[in-house]
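Mind looking over this structure? Questions follow.
Just so it is clear, A, B, C and D label the chains in written order, and each chain counts residues from 1 on its own.
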Amino acid sequence: MHIGFLGLGNMGGPMAHNLLKAGHQLYVFDVSATAVAGLTAAGAQEATSAGAIAKAGVEVIITMLPAATHVREVYLGDDGLLANVQPGVLLIDSSTIDPMSAREVAAAAAKNGNPMIDAPVSGGTVGAAAGTLTFMVGGSEADFQKAQPILAAMGKNIIHCGDCGNGQVAKVANNMLLGISMIGAAEAMSLGVALGMDAKVLAGVINSSSGRCWSSEIYNPFPGVVENSPASRGYSGGFGTDLMLKDLGLASEAAKQVRQPVILGALAQQLYQAFSMQGNGMLDFSAIIKLYRQEN
Amino acid sequence: MHIGFLGLGNMGGPMAHNLLKAGHQLYVFDVSATAVAGLTAAGAQEATSAGAIAKAGVEVIITMLPAATHVREVYLGDDGLLANVQPGVLLIDSSTIDPMSAREVAAAAAKNGNPMIDAPVSGGTVGAAAGTLTFMVGGSEADFQKAQPILAAMGKNIIHCGDCGNGQVAKVANNMLLGISMIGAAEAMSLGVALGMDAKVLAGVINSSSGRCWSSEIYNPFPGVVENSPASRGYSGGFGTDLMLKDLGLASEAAKQVRQPVILGALAQQLYQAFSMQGNGMLDFSAIIKLYRQEN
Amino acid sequence: MHIGFLGLGNMGGPMAHNLLKAGHQLYVFDVSATAVAGLTAAGAQEATSAGAIAKAGVEVIITMLPAATHVREVYLGDDGLLANVQPGVLLIDSSTIDPMSAREVAAAAAKNGNPMIDAPVSGGTVGAAAGTLTFMVGGSEADFQKAQPILAAMGKNIIHCGDCGNGQVAKVANNMLLGISMIGAAEAMSLGVALGMDAKVLAGVINSSSGRCWSSEIYNPFPGVVENSPASRGYSGGFGTDLMLKDLGLASEAAKQVRQPVILGALAQQLYQAFSMQGNGMLDFSAIIKLYRQEN
Amino acid sequence: MHIGFLGLGNMGGPMAHNLLKAGHQLYVFDVSATAVAGLTAAGAQEATSAGAIAKAGVEVIITMLPAATHVREVYLGDDGLLANVQPGVLLIDSSTIDPMSAREVAAAAAKNGNPMIDAPVSGGTVGAAAGTLTFMVGGSEADFQKAQPILAAMGKNIIHCGDCGNGQVAKVANNMLLGISMIGAAEAMSLGVALGMDAKVLAGVINSSSGRCWSSEIYNPFPGVVENSPASRGYSGGFGTDLMLKDLGLASEAAKQVRQPVILGALAQQLYQAFSMQGNGMLDFSAIIKLYRQEN
């Protein structure tokens, strides 16, 4: 297929590469010339603007942008996608943004005659490179079916979450729970060890009991408990504290818009913020356990 | 074996019944005559005090009491177990108490020549009746080996957590994480639904993703998501809010003793406390989701 | 002076009346015809749009609007103030909005040749009617001096807080501390009374000691402690929970923008949100003490 | 008067000196010989145990001890005060302990025929030396009247808080609110400064507005705002973080006993705990603002 791709950063770049590998023809745009060069070297064609991609005769356009302001600008701006695209072209936004903004842009696209889905991902840069991302998709069943094979070139788990915006809803809800349970796991592990237990034995008990969670089993924040976890390699790699912070900010903002309390969610956001302020924003988010343990 | 059993309440009663079924000879004591009558009708012999049990020539004594004050009194009191028991008799305390108290009593027992283990349980009254409890055991490897077959008559998962007190440590650490992740699950489910998602679809996404936890998978607090969960039957049965509150109180108290912060743990305790004050202490603890949803 | 006034709601209406009383000539605009009629009956001239006010030859324009989106639209919109106003006209925004938006609009005004100050108020509808508001002013010293006599017709405490945006900063910082200390006072009073103390005696001790704060002295949330307080009249009147919630939302949003943790501030926001969800948004914010006391 | 005094530490020592200066005859006891020597050099007579003081024919006994365990031991122990004292001798406990323990000991004293009051203090070591402490007194009106002139030799503010235990209630309630409002002030000051305001100007606005509290006015945690405050001398002196932590621990423990939620109180406790764990327990508690500001 002929596909437009905007946003070739740490996530978008490898995703676009996987589309090329799957045999699609790509028209790419990014403000970074270096990012573009990486893709054109692999066979993509460069476009000079969002509008240019929209006019290139593509069947599908995928965007992978940092925040809602960029998404609004790229879709709704004067030289943006909607102002230039043919009706019927499928629009896929894989950026992680707040559900309200996703729904506004999708509504504008619908008015323009363009089906649109939101399809934020999880799996990080490793999953983007390996083509093993999870896509959480909001949009109509028909649009989901149409997008499915394209997304399958970049990920292995494509979940339909309901109507437009629900991909974003699923992501912020999941990641808020993740952010909370990681701190919970950090507190439980730190408490147990401070009270005299061996960390691996404690993790074993928790993981066979009701405290079990992804953060205790797969991604335990205590060093040495899970081999190859970020905790076991100095909290490098993985999912950065500042990325978790961004997602928790989206969750509390979305909660505010619908007047929904998220008490632990908001507290978790503040704890990651305090931890980030101390200079740890680039560490994997499981490093939050450092708030609970004396440095040796 | 000849076994003494003190504390025949909602948990201790069915546990003692399972020991009788396994062929052990029981000497039982409880302040409630009714509780005692239930066991003597099933073949146990009544003792008139803790001291009387200690002098009855039993090989093992098991206690299942409400709180640390009772444990201290039963073990350390003037007519208590240690003042009357023969050296060498194995002491098993299945009460849930703070680790420090457990270690103090075990140290007193050791001085008296009695091996002792702490073996708090999870699994609730259903598990107690069915003989499927989990025992988290603190004590020496030898004492654990000796206790194992006895505990196996009452539970199916017998975990050695390390030295004396570590059974209690494992339980408070696990249950603190459980109490936190349940509130996290309640917030994530409430937020997602408030933002327009179907509860079952959202639970499906979370349970196949990084937000996954026992509280979202097995015991989801949103009504109708997990069949036969407390949430699907009006939050009756299950693990009461006031029991969770007791365990979080033990966790924060133990944390204070070792000067360990437990930020989300302490906040979770307060939220269950506020919920209990509103008259909900007898509801299953997953009912905490009611704090996050408008009553219809 | 010839003054334009936009936004004649619960706050703006009485403020405009006080300007009329002080002898100023007013050109007013509001989307509500009723609100406008109240002012024209008192001698103001009606304008048909923001742009019309800007073109009416006024020397000063004051705006009192609900949120940042309205402020942006009124100042920056196609038929807005900046597109139509003469250079040199002083612009005063008394809306409570986030500091970043205030600074953006002020920068646009400066580019347009218009001095601008932000001057959010405290004192509520009672202070607006009585002309006893506090104005927290951000802008240059010269602009503050120019605005001072005009603001003095509407308030009695006019504080210069520094450059543009700092009026908003002072307001969100103050109100965040207020929102926190009110909950603190509610917890301290509830705890003391639950432990057996008389509420008035307890308030007396606190108010002569280090726990003393505006929320314990002037506005104590416990019924009967301060005569004529909202707590002593069923939490009617006063400063509504939903208004406190708005200000805490601005505080946590501003904090996020500068990557500053506000741990208690964010938790306070969530507690007022939970309380509002239970149907209490219209009660005075000191009613938050109901979260801590069993209803009789 | 002939007065017995037990506990001659940082607080008790200078308090006893002030009693001597006021012309009272003192019988003193402490486990530290150095502490005793300081008092005997000033004219006090040494006693060799709590029991010895009780038998020395004193009219009043004052205790100033670190925690409830010491209070119980000194009053209720085998060689303790109650076992040895004549009926009618007035007992004054100035230790800061939980209200429940205070009431238990007072009840035992009453049974023994001894009037007892709890009279915890605020004012720190500076107030103890200067004789300007505040005493919060729980006990009968008659016992309060009897104690008043004695306490007046050590403090200048003697407040009757109601029946036995209420002195402790007043202290934990006040100090919990103090601990919360100090963190609130730290957050508000940090936020305002991060958003571009001058710290002194911000404090000025807050202190003339509704955010005003003892922590913002008298003891502002931002360096340089209040001359001679701990914040302006590197957080040395003042009221140590670990002492605030002790009082918050008493507050949350007392709250648990009466099943009263203290949400911000418990969170404040955890934040001071985290701060203490990082090695700051000896700094004045206003140093908690360091959690909110990047070190330069």
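Methods note: contacts are C-beta pairs under 8 Å (C-beta built on N, C-alpha and C of every residue); 3 or more make two chains touch, one makes a residue touch a chain.
Everything quoted here is computed from the prediction, not taken from an experiment.
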Any chains in contact with both chain A and chain D?
B, C
Specify, for the interface formed by the sequence copies chain A and chain B, whether it is same or different in terms of residue numbers shared by both sides, with half as the dividing line.
same
Report the chain whose mean Cα position is at the greatest distance from that of chain D.
A
Just how far, in Å, is the C-alpha centre of chain C from the one of chain B?
51
Between chain C and chain D, what is the separation of their C-alpha centroids in Å?
39
Centre-to-centre distance between chain D and chain B (centres being mean Cα positions), rounded to whole Å:
37
Residue numbers in chain A touching two or more further chains are 255, 260-263, 267, 271, 274, 277, 291-292
Complex interface listing, chain D residues touching chain C
99, 122, 134, 136, 157, 159, 161-163, 165-166, 169-170, 172-178, 180-181, 183-185, 187-192, 194-198, 201-202, 204-206, 208-216, 218-219, 251, 254-255, 258, 260-265, 267-268, 271, 291-292
Chain C-facing residues of chain B, complex:
267, 274, 277-279, 291-292, 294
Give every residue of chain B touching chain D within the complex, in rising order.
249, 252-253, 255-256, 259-263, 266-267, 269-271, 273-274, 276-277
